[in-house]
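What follows is a set of structures for review.
You will see chain A twice below: alongside chain B first, and alongside chain C after that.
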Partner chain A sequence: MAAVIGWRKKDFWWQSPVVFLEDPAAAHRLVWDPFTVYSPVKFLLEWQASCAAKVGIFVKGCDSRGINRLLQDKRLERERVVVYGVPCGGKADAEKIRASFPAKGIKDVTLLGEQLVLTVGDREVRVAAEAYLLDKCLTCRHPNPVVYDKLLWEEVLPRQRADESRFARVQAVASLATEERFFYWQRQFERCIRCFACRNTCPACNCRVCIFDQAEPRWLGKANDPADTLNYHIIRAFHVAGRCFECGECERICPAGVPLQELNRKLIKDINEAYGDYEAGLDATDQPPLGTYRGEDPAGFDES
Partner chain B sequence: MPVVNERFEPLIVAFCCNWCSYAGADLAGISRMSYASNVRIIRVPCSSRVNPGFIIRAFQRGADGVLVAGCHPGDCHYHSGNFFTRRRLTVLKQMIEYLGIEPQRFQVRWISGSEGAKFAMVMNSVAEEIRLLGPNRKLRDVR
Partner chain C sequence: MKRIGVFICWCGSNIAGTVDIDKVAAAAGTMNGVVYVDQNKYTCSEIGQAMIKDAIKEYKLDRVVIAACSPRMHENTFRKTVESAGLNPYYLEIANIREQCSWVHKDKEAGTAKAISLIRTAVAKAAMNEALFAVEMPITRRALVIGGGIAGIQAALDIADTGFEVDLVEREPSLGGRMAQLDKTFPTLDCSACILTPKMVDVAQHEKIRLFTYAEVEKVEGYLGNFTVTIRHRARSVDLQKCTGCGECLAKCPAKVASEFEEGLVQRRAIYTPFPQAVPNKPAIDRAHCRFFTTGKCKVCQKVCPADAIDYEMEDRLLTNGYGAIVVATGFDTHKLNDYGEYAYGKHPDVLTSLEFERLLNASGPTGGKILRPSDGKAPKTVAFIQCVGSRDKAKGNSYCAKICCMYTAKHAILLSEKVPGSKAFVFYIDVRTAGKDYEEFYTRAYEECGASYIKGNVSKVFPEGEKLLVRGVDVLSGALVELLVDMVVLAVSVDARADAKELAKKLAVTVNEHKFFTEAHPKLRPVDTQTAGIFLAGVCQGPKDIPETVAQASAAAVKVAAIFSKQSLLSNPTVAEVEQKLCSGDMSCMAVCPYGAISEQVVEERRGREMVTRKIARVNVALCQGCGACTVACRPGAINLKGFTNQQILAEVDAICL
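So, the complex of A and B:
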């Protein structure tokens, strides 16, 4: 193994970015804390494209489904990766913590079971973790890795809230009238700066050449046109339809706060209702719903 | 003298599969049936050739409505293309509706090579529906 991909601690308490470690003596730099939320999976593509050696990777439940995603899309050579599964109790949202505690006083944040232990100044504060977890972690259905070579510790229980709140936001938007819905989405998309962070972090967005980067044919104008932004969001969501495994990184990483999960989950909900329940990223050998068909499929249009 | 046009004439882009719907259009033509002149036909090898991006792009570049027409399920000349179309475009249609765009603007119909009359009827009814909706402003480029 030439390297491991994990997380390290950076300067501030809320920063635990992904790190490549090539030196075993530096292994003590690896951390597992409430902010190791970044998905390391996409880095495997660059690693495998540039280096023939094996690589180790630490994955949470959501990240492990990204591994299955890449395997199913035939973008990853499984035998060249050693997967360390890390059962995950959820990751903390630094914004929620900052809203309740003076940010400058916080020295350290640790997750102990269902409790979040904060060192604020020189005192220790214990709070119920659930109020400070990321929204995407509260609706997480698979906190335990689904594919791994070695599991680091015992599996954890999925949250009760996950199932009931999965499509709540989608239903709320869908219940609006057509015009209201349009203005709701215009308000969301007008903040989009088209930085493509949602695409870059998404393990389902793993095309060798992304159509949004192509010069010819050019699918997306360079100007800040609302129709182009809408086009981008429709196509991005559609390209991951039936393949999105709801890790929620796109929405979390979005600097403009575009609720991308409401789009992804809308597609998941429709596909489940029309073509049977399907969860992407659980099995690398099955067939995504838009890549297959049945003769008796229902249609959402007039078939006469 | 300026031309006063009191009636809105929509622009409709119809993606027609080469083997059924395009033949249906041909039959409508050689049978001398008249249908709405708002329709611009783009011939594609199969309805599953229609990338959802084409549909969005057509709206961006000024279409008021988009129609995708293919062979009836089971009649695809490439064996199964339109089964994939059915799943894909069902999902796309629901998503466009979810984003607040009138669902009638995007339609999918199955029209076989022998259904010239149906082709003319579908084109007329789609043109009428979209005429009532008015111009597409939501998905159109501002440029």
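So, the complex of A and C:
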């Protein structure tokens, strides 16, 4: 291995970004704390494009499905990656912590089982972790890595009630009248600044040349036109349809708070209803429903 | 800048009636790149085409937009027109202002606006049209005929007689189909078997025909001229090479089941040949009912077989062959009578379907050709025939007319009077339809010479009354209630598409209508073609028809096949997909959705920094690609483009129509 991709601690307690380490002596810089939420998977593409050597990578449950995503899309050579699986009990939401504790006082946050341990000033505060976890982690169905070469520690139990809340927001939006629903999405997309962070972090968005970056044909205008923004979000959602594995990073990373996961899950729900339950990223060799044809597939235009 | 000519067709009043042509022409003249606009009452006429050719030369046009009917109608015509004027045929673009505009609108103002919009779209695309060229492709000169009834037999014989090879696939152990079950045929009363069996023998003996009975089509790939079809040869358990057809096994087999051929009136053995004149006249073991296959013990047939032809170990074989064209002749099912409890079918043995009655008439049938009541074996003196059971009945059955029942019921009435002297037929009908050569005369003979009484009206109920059946109905001409005591009731059951027609349609990539009959490409002008090039239809699988029509359609399908095979080569469709290397990520989504197996992986070498590296991308086999465009939709980065319908062209159209 020429390098390993993991997480390191940055200046503040809520920052644990992805790091490439090439020097084994620097291994102590790797961390695993409540904020190692960033997906390291997308970085594999850049590594493989620039270097022929092997690389190691630490993955949470969600990240591991990203590995399968890349494998299924033939964008990753499995033999060039050593995958360290890290069973994950969920990551903390810095916003939720800040809302309850004075941000300045917090020095350190760690997760101990179901408890979050905060060092505020000189004292230690213990709270039930669940209230401070990221929303996306509360609906996580696969906290344990689904693909790995080495598992770091014992698997954790999947969160109860994760299934119940999975499509709650989708149903809420679906229950709106058609016009209200349109206004709802108009309001959401108005905030979008088209920074493409959602696309950049998404392991399902792994094309060599994204259509949104192409000059000719011009799929997307460069000006801040609401129609183009709407177009962007519709195309993005359809490009990950049947391929999105619900890591939720797109929504978490969005600086404008666009609820992208509602779009992704709407498509997942529709696919499940039309073609039977399917979860992307669990198996790199399965046949995704939108990329396969079976005789019994429903054909909406043919009801005879 | 392109020099585009726009030609607007009135189509008589078809377009000009709802579209203001002058206004459209004025608007077209202002569009980007348009240097010439003209209009014509009938652009497809010779004068209209001559105008286009002249204008191309006079105004040095390099792209042509014709605003007229659907491209399905005349695109080929106009491609030839522009080609004869020296342009590449793919420089032509059609704006469909008839089917998509004038025919569906009444408001002239709105229609005019829409026509302008459609033409603007076509002009935007035409400006980007590029020259495309067809290549020649070889043809596999062997036809596949699916179904061994009279339609399949006729089609196979006609194709084989033109000198081309034919494979005939039949699901049952013998050729023959429905016609083999019939006794006499209207309107001439020829014996059905007498005219059918010689054709069956001809098939078996024809040097150009390979006959596969007890076989089914499993998978169909490819396209016109080059289909690849996998056929499942079901395990017959009888070695056709060794079997002499002596019939020893048939007599000794202890397992009995209702005979499909005899419409369940008698039983057959588990090892069986469906009927005495079967071709091949060699049995098959019905494994679902064979005692050995169900209980593991028996093997009587093997013991008695003098030729050692019984093979319990035989397995289904899947064999793949190449074909240039396919004729579908899969026939029909009779309508299930579950919803017709009022006619007491299934509850009383003397209530029969017309096909069961047909077997009673037949000399090789269960009664040796005598009309006898199943209940007591006596000849019926009075028989009620009820028409349209399951036909012309939107509420419970088929909305369509099964077409053959009026005529076969007239035949039944005639045969009844001949076979049972002094008998009387009563026919309850909605309408009697006798369109066909000599049909009306045949029907007249039934009631004038053979004494059949025709009663216009429906039967509400049939129920037993002592040894007889009471038929209660209404005579709508007099308004009187009718009650008849009869010895037998015959139900003219409707004709359904095969229960599995839709599955076969999916395998063949052809379409079915709402009743699951296969859809012809055009109801009048292409009645034997399907929408899939190289696949043709014959017989009732396309819709109810009688034997003469079936045979005519089968011969027509054969000519269509022969026409393909008589060409030296086929011209490929130049509107095929192509891959742009630098955009292709190589995830092969396109390969997964390609229905023609036209996309494969290829390794390409690329420069990365200072070194050369290899990677895999998609490659299109232009001989296999049919230009359906499924790959272009599956490709997220837009790396695969359909020539003639490129992403740029389609976006230009969208911009033209929206902006």
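Quick note on the criterion: the second predicted complex is superposed on the first by the 298 of 304 C-alpha atoms of A that agree within 3 Å, B and C clash if a C-alpha of one lies under 4 Å from a C-alpha of the other, contacts with A are read in each partner's own complex, and residues count from 1 in each chain.
Note that in this section contacts are C-beta pairs under 8 Å (C-beta built on N, C-alpha and C of every residue); 3 or more make two chains touch, one makes a residue touch a chain.
These figures come from a predicted structure and were not determined experimentally.
K.L.:
If chain A is used to align the two complexes, do chain B and chain C fit next to each other or clash?
P.N.:
clash
K.L.:
Once the shared chain is lined up, is A:Ile211 touching chain B (first), chain C (second), both, or neither of them?
P.N.:
Both: A:Ile211 reaches chain B and chain C.
K.L.:
For A:Tyr275, select first, second, both or neither according to whether it touches chain B, chain C, the two together, or no partner.
P.N.:
In the superposition, A:Tyr275 touches chain B alone.
K.L.:
Should A:Leu157 be classified as contacting the first partner (chain B), the second (chain C), both, or neither?
P.N.:
neither
K.L.:
Figure out whether A:Tyr293 sits in contact with chain B (first) or chain C (second), or with both, or with neither.
P.N.:
both
K.L.:
Would you check which partner chain A:Ala223 touches, where first means chain B only, second means chain C only, and both and neither mean what they say?
P.N.:
It touches chain B, and chain C stays clear.
K.L.:
State whether A:Glu179 touches chain B only (first), chain C only (second), both chains, or neither.
P.N.:
first
K.L.:
I'd like to know which partner A:Leu267 touches here: chain B for first, chain C for second, both or neither.
P.N.:
Touch partner of A:Leu267: chain B, not chain C.
K.L.:
Please work out whether A:Asp73 is in contact with chain B alone, chain C alone, both, or neither, and reply first, second, both or neither.
P.N.:
In the superposition, A:Asp73 touches chain C alone.
K.L.:
Identify the overlap between the chain B-contacting and the chain C-contacting residues of chain A.
P.N.:
The answer is residues 211, 219, 291, 293, 295 of chain A.
K.L.:
Would you pull the chain C residues touching chain A in the complex into a rising list?
P.N.:
That would be residues 502-503, 506-507, 512-516, 582-589, 592-593, 595, 608, 616, 634, 636-639, 647-648, 651 of chain C.
K.L.:
Which residues of chain A touch chain C in their complex?
P.N.:
49, 72-75, 206-211, 214, 216-219, 239, 291-293, 295, 304
K.L.:
Taking the touch rule as given, give the residues of chain B at its contact with chain A in the complex, in rising order.
P.N.:
Residues of chain B touching chain A: 52-53, 56-57, 59-60, 73-74, 80, 83-84, 86-102, 107-110, 138-143.
K.L.:
List the residues on chain A that touch chain B in their complex, please.
P.N.:
My answer: residues 173-174, 178-186, 211, 219, 221, 223, 225-228, 230-231, 234-235, 237-238, 241, 263, 266-267, 270-271, 274-275, 289-291, 293-295, 297-303.
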